[in-house]
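Sharing a structure below in structure tokens format, with a few things to ask.
For reference, chains read A, B, C and D in written order, and residue numbers begin at 1 within each chain.
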Amino acid sequence: MEELLEELLEECRPYTQQGNVATYIPELAKGDPNDLGIYVLRSDGRHYQAGDYKKCFTIQSVVKPILLLLALLDNGEEYVRARVGVEATGKPFDAINVTDQTLLSEHLNPMVNMGAIAMCTLIKGSDYNERFQRLLELTRTLAGNPNIGINEDVFLSEKRTGNKNRALAFLLKNYNIIQDDVEDVLDCYFKACSISVNSKDLANIGFTLASRGKHPQTDERLYPSQYAHYVNAILTTCGMYDGSGEFAVNVGVPAKSGVGGGIMAVVPTRMGIGIFSPGLDAKGNSLAGIQVLQRLAKRMYLSIF
Amino acid sequence: MEELLEELLEECRPYTQQGNVATYIPELAKGDPNDLGIYVLRSDGRHYQAGDYKKCFTIQSVVKPILLLLALLDNGEEYVRARVGVEATGKPFDAINVTDQTLLSEHLNPMVNMGAIAMCTLIKGSDYNERFQRLLELTRTLAGNPNIGINEDVFLSEKRTGNKNRALAFLLKNYNIIQDDVEDVLDCYFKACSISVNSKDLANIGFTLASRGKHPQTDERLYPSQYAHYVNAILTTCGMYDGSGEFAVNVGVPAKSGVGGGIMAVVPTRMGIGIFSPGLDAKGNSLAGIQVLQRLAKRMYLSIF
Amino acid sequence: MEELLEELLEECRPYTQQGNVATYIPELAKGDPNDLGIYVLRSDGRHYQAGDYKKCFTIQSVVKPILLLLALLDNGEEYVRARVGVEATGKPFDAINVTDQTLLSEHLNPMVNMGAIAMCTLIKGSDYNERFQRLLELTRTLAGNPNIGINEDVFLSEKRTGNKNRALAFLLKNYNIIQDDVEDVLDCYFKACSISVNSKDLANIGFTLASRGKHPQTDERLYPSQYAHYVNAILTTCGMYDGSGEFAVNVGVPAKSGVGGGIMAVVPTRMGIGIFSPGLDAKGNSLAGIQVLQRLAKRMYLSIF
Amino acid sequence: MEELLEELLEECRPYTQQGNVATYIPELAKGDPNDLGIYVLRSDGRHYQAGDYKKCFTIQSVVKPILLLLALLDNGEEYVRARVGVEATGKPFDAINVTDQTLLSEHLNPMVNMGAIAMCTLIKGSDYNERFQRLLELTRTLAGNPNIGINEDVFLSEKRTGNKNRALAFLLKNYNIIQDDVEDVLDCYFKACSISVNSKDLANIGFTLASRGKHPQTDERLYPSQYAHYVNAILTTCGMYDGSGEFAVNVGVPAKSGVGGGIMAVVPTRMGIGIFSPGLDAKGNSLAGIQVLQRLAKRMYLSIF
């Protein structure tokens, strides 16, 4: 298996040069396009890894399923679904899911920025600092890694330049979906995106979703299995933005990408996978990362379809 | 198992009164809202049924995955994908997937009318009558039912009143995606939608997708497994129109609905399911049918997520 | 004055090379990009002309205000306005003014194809041939030219290739705005667009709008002044498609362009102007024609603002 | 003439009860729906008035043409037009004139909020306070009323609740159209909207546009005539939001409305008109105000078409 991973990385290495490192957040532009790493954790407890799997990067949108899990844990399914919808938008990650005159919760999707920002308001906590701390705690628990923290430079960079997200948040405020201070909510969101992880962390988090809520090492139940179904379903229909349809056909497993270059993939009952390669395709997904996953899925018959 | 089905039908019978029988095709308006039937074919060959499972109805959009299969069989994956995209549109079934100035193949989806009409042009045949005959043949083969034919009244009704589809087809013609005579293509499409099936037929067809290409009775390979993956993936992301996200969360299996009241569901490796109940929800999906599937999925742990 | 016109044509002749002759209707592609002509008819009865003012071309969208006049004459203002709206669409000439689920009369505009096609159904006549004949008669009367006829080649070319318009017409049919046979309505519309005129004809027609309904030569009242106000207002807000705002600022008079290269301009109380130059800008308006009008407007203080 | 005005107010008074006072800015909700006033200033220097013409209200969007004038005076026509377009959007006043991935200056319109916010950045001044002061000065000069100031309560109310405008401003920031601090720009914009005027002030300001740049009392040239043409043209195509087309047909003069209930109308060469009635129609225009203008236009043949 480890050989297979090494082989796939070699095969896909040329693709690392075809993607573009995200530049819309200045700090992200510093990513090394040559990085390529993978970590696989199987349900039998064995793990396999190759390449730059220890290299840290910011989690970015891969935090969205964790945000959703925490919102579910804090409020239950019904409450969350009434506030953030589950339909594919057919639009890019930073889409303005609003007509000019109204914004309905059913137009929000937890895997698209606007819905993810709304989810920050669903996390419990006395203030947005506490809310973020609880999210960070959950991330650490899911990853089995108490050392996970945030990349302060990326956070400050996002906070300074994130005016599209700021606009989305003020629209949410305008339609009363955000009741709190917009900058507080955004701080929580920007910090969430700036959590620093590596491929192993993503594989561990993905594993909990594959095992429908169980801890990779301890077998302890971390959340009800129905929440895993909920998250995995949304990852499948919307996890790769407006490239989700193609990913479902080509790879066929729930997955979430982030503009930091990470992809977390979930193979229900079988494995969690973390991949890292910062060069992105036009839709904001790790270009080489998708190539690796596509080959791995073919070789190991991972498709759930 | 049969008891379970009976029980579920009883539980869900009240929902048959909440939906609305499709009226936009005058012939469909004649459907009896009280009908409710289910047929399940398991991979061990056993089958279970309840209610009006023998009752015939027009296949409508459930023909779309069969159209896609035939297009794949006739042309291969690459050719088809270059002509009809695979992304969710986030829009209703009769959406005009076109900006005012251009129409790209990637904006088409095989599960949405415009893409399905385009697929008719990908089927091989000397004329559109032959193309339709080949589609009908494939439908019969997949269902293991040589008696399947079309409902001439519904066909004529659709042909007479299908002006939205006619508009979509002329747009396809305008952008050179249709090269043939528009009315010929539409005749093929309207006939395809008017194929008359029952719940058992849909269960059998769904079973071939669940078994990744094998005949339910003979175990003969009908199409390559990769085509089943292709179709199942698209069913999951787009099979229930703009209700696909919710269906993925609530039920969690590939499925296709039609405004005739049918739903074909695919439980990979495990079963094919056919359901019929003509009352539709606001998105054009069988309302009671979804309720039945939702309960069945929960009781039998069908979700692939 | 004649000198001024000659001078302006010379100044603007280089612009004839910058536009593109319309190609979407094959017959139009045969237009000679070097043509440039102007005809001005003043309220004192004097007329001035220069260049290819006798050259014939198809009227295309310049027929829309005549269609609107006839619809008003046949039905009155209230009836027409309830069926075809008057707001700018902010969209191109062949815009699909329809959301996926509905089409309201207020989304139609008589200067945009979809609204113009709808107007054909408002003209009185026992059949669509008679309706067209009445439109042709009105055109002849307004132009004071009984010899005006249609260019059969352009008509057949539009009929053969006009699939975008056909799609728009079937959408109108779908939403019950067209009740008659779509091809009959389209024949009337395509013939209307194929009426062959020259710059003098357009100047005469424009003059009737400038004089609020009076015949250029006979001073006879052809239609009520309020209809002239109605038409001139819509020409100002929408006559130059999505270039109407810029035209209002740069030139400042009601005007209508056609992809045949003609522009009819109306200077209320003062003059009617016809211009011809087949090279079009990106929005489908005669490029050199607009340049000539812009200079003429500046020199003669034509702006109504 | 004064009798005519009195008569029209009486005729239209019932309409004051049909509109709705704007509530989206809490302070505006305090407006008295019974108010109705008009002031007309003719080119011969005579003025006529009736009803609550002395009553003050906030200028709201009627400040947009003044903002545009100042931007033109400070930068010239070419510079302004390259930054804020002139086409009708066909959309409501607070439309998000942006696709998800880009925002072009040609999509902005100075009479729609997003374009008006952008224009604040074109006014010269060392800071946004100075910019606003220069705008206030120009308003006072145009109105010939040195006592014009702002309604502090409305300003604070808008600042506190104007999250849609805030979202629009952050989108402008995101696309680099705003380079300065967003809150500074918004303060200037919210203050501009909160300028307190009466019907006479609006009539005087409108008169300068009618006289193409001359002071109502002193005959002094306040701005070049071409700027008046520029502003009047845009008022005609977009001054009444997505009700501009209907207003052009029904009334036929350049005009600008504001959600404070004011309308400024411009009858080129003949008169400036100010109207006030706070009940608004569905498009945000003074309902009774439009009725008064419509009748006045018919009686006095004001239409420029």
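Following the convention adopted for this analysis, a contact is a pair of C-beta atoms (placed from the backbone, for glycine too) under 8 Å apart; a residue touches a chain by one contact, two chains touch by 3 or more.
Because the structure is a prediction, the values reported are computed rather than measured.
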In terms of residue numbering, is the interface formed by chain B and chain C classified as same (over half shared) or different (under half shared)? same
In whole angstrom, how far does the Cα centroid of chain C sit from the Cα centroid of chain D? 32
Chain B and chain D: spacing of chain centres that average the CA atoms, whole Å: 54
Report the inter-centroid distance (CA atoms only) between chain B and chain C in whole Å. 46
Counting only residues that touch at least two other chains, what does the list for chain D look like? 91
Which of the chains are touching one another, listed as pairs? A-B, A-D, B-C, C-D
Which part of chain C faces chain D closely enough to touch in the complex? 81, 85-91, 109, 228-230, 232-234, 236-238, 242-246, 248-249, 252, 254, 268, 303-305
Sort out for me which residues of chain D touch chain A in the complex. 91-92, 94-96, 98, 100-101, 163-164, 166-171, 173-174, 182
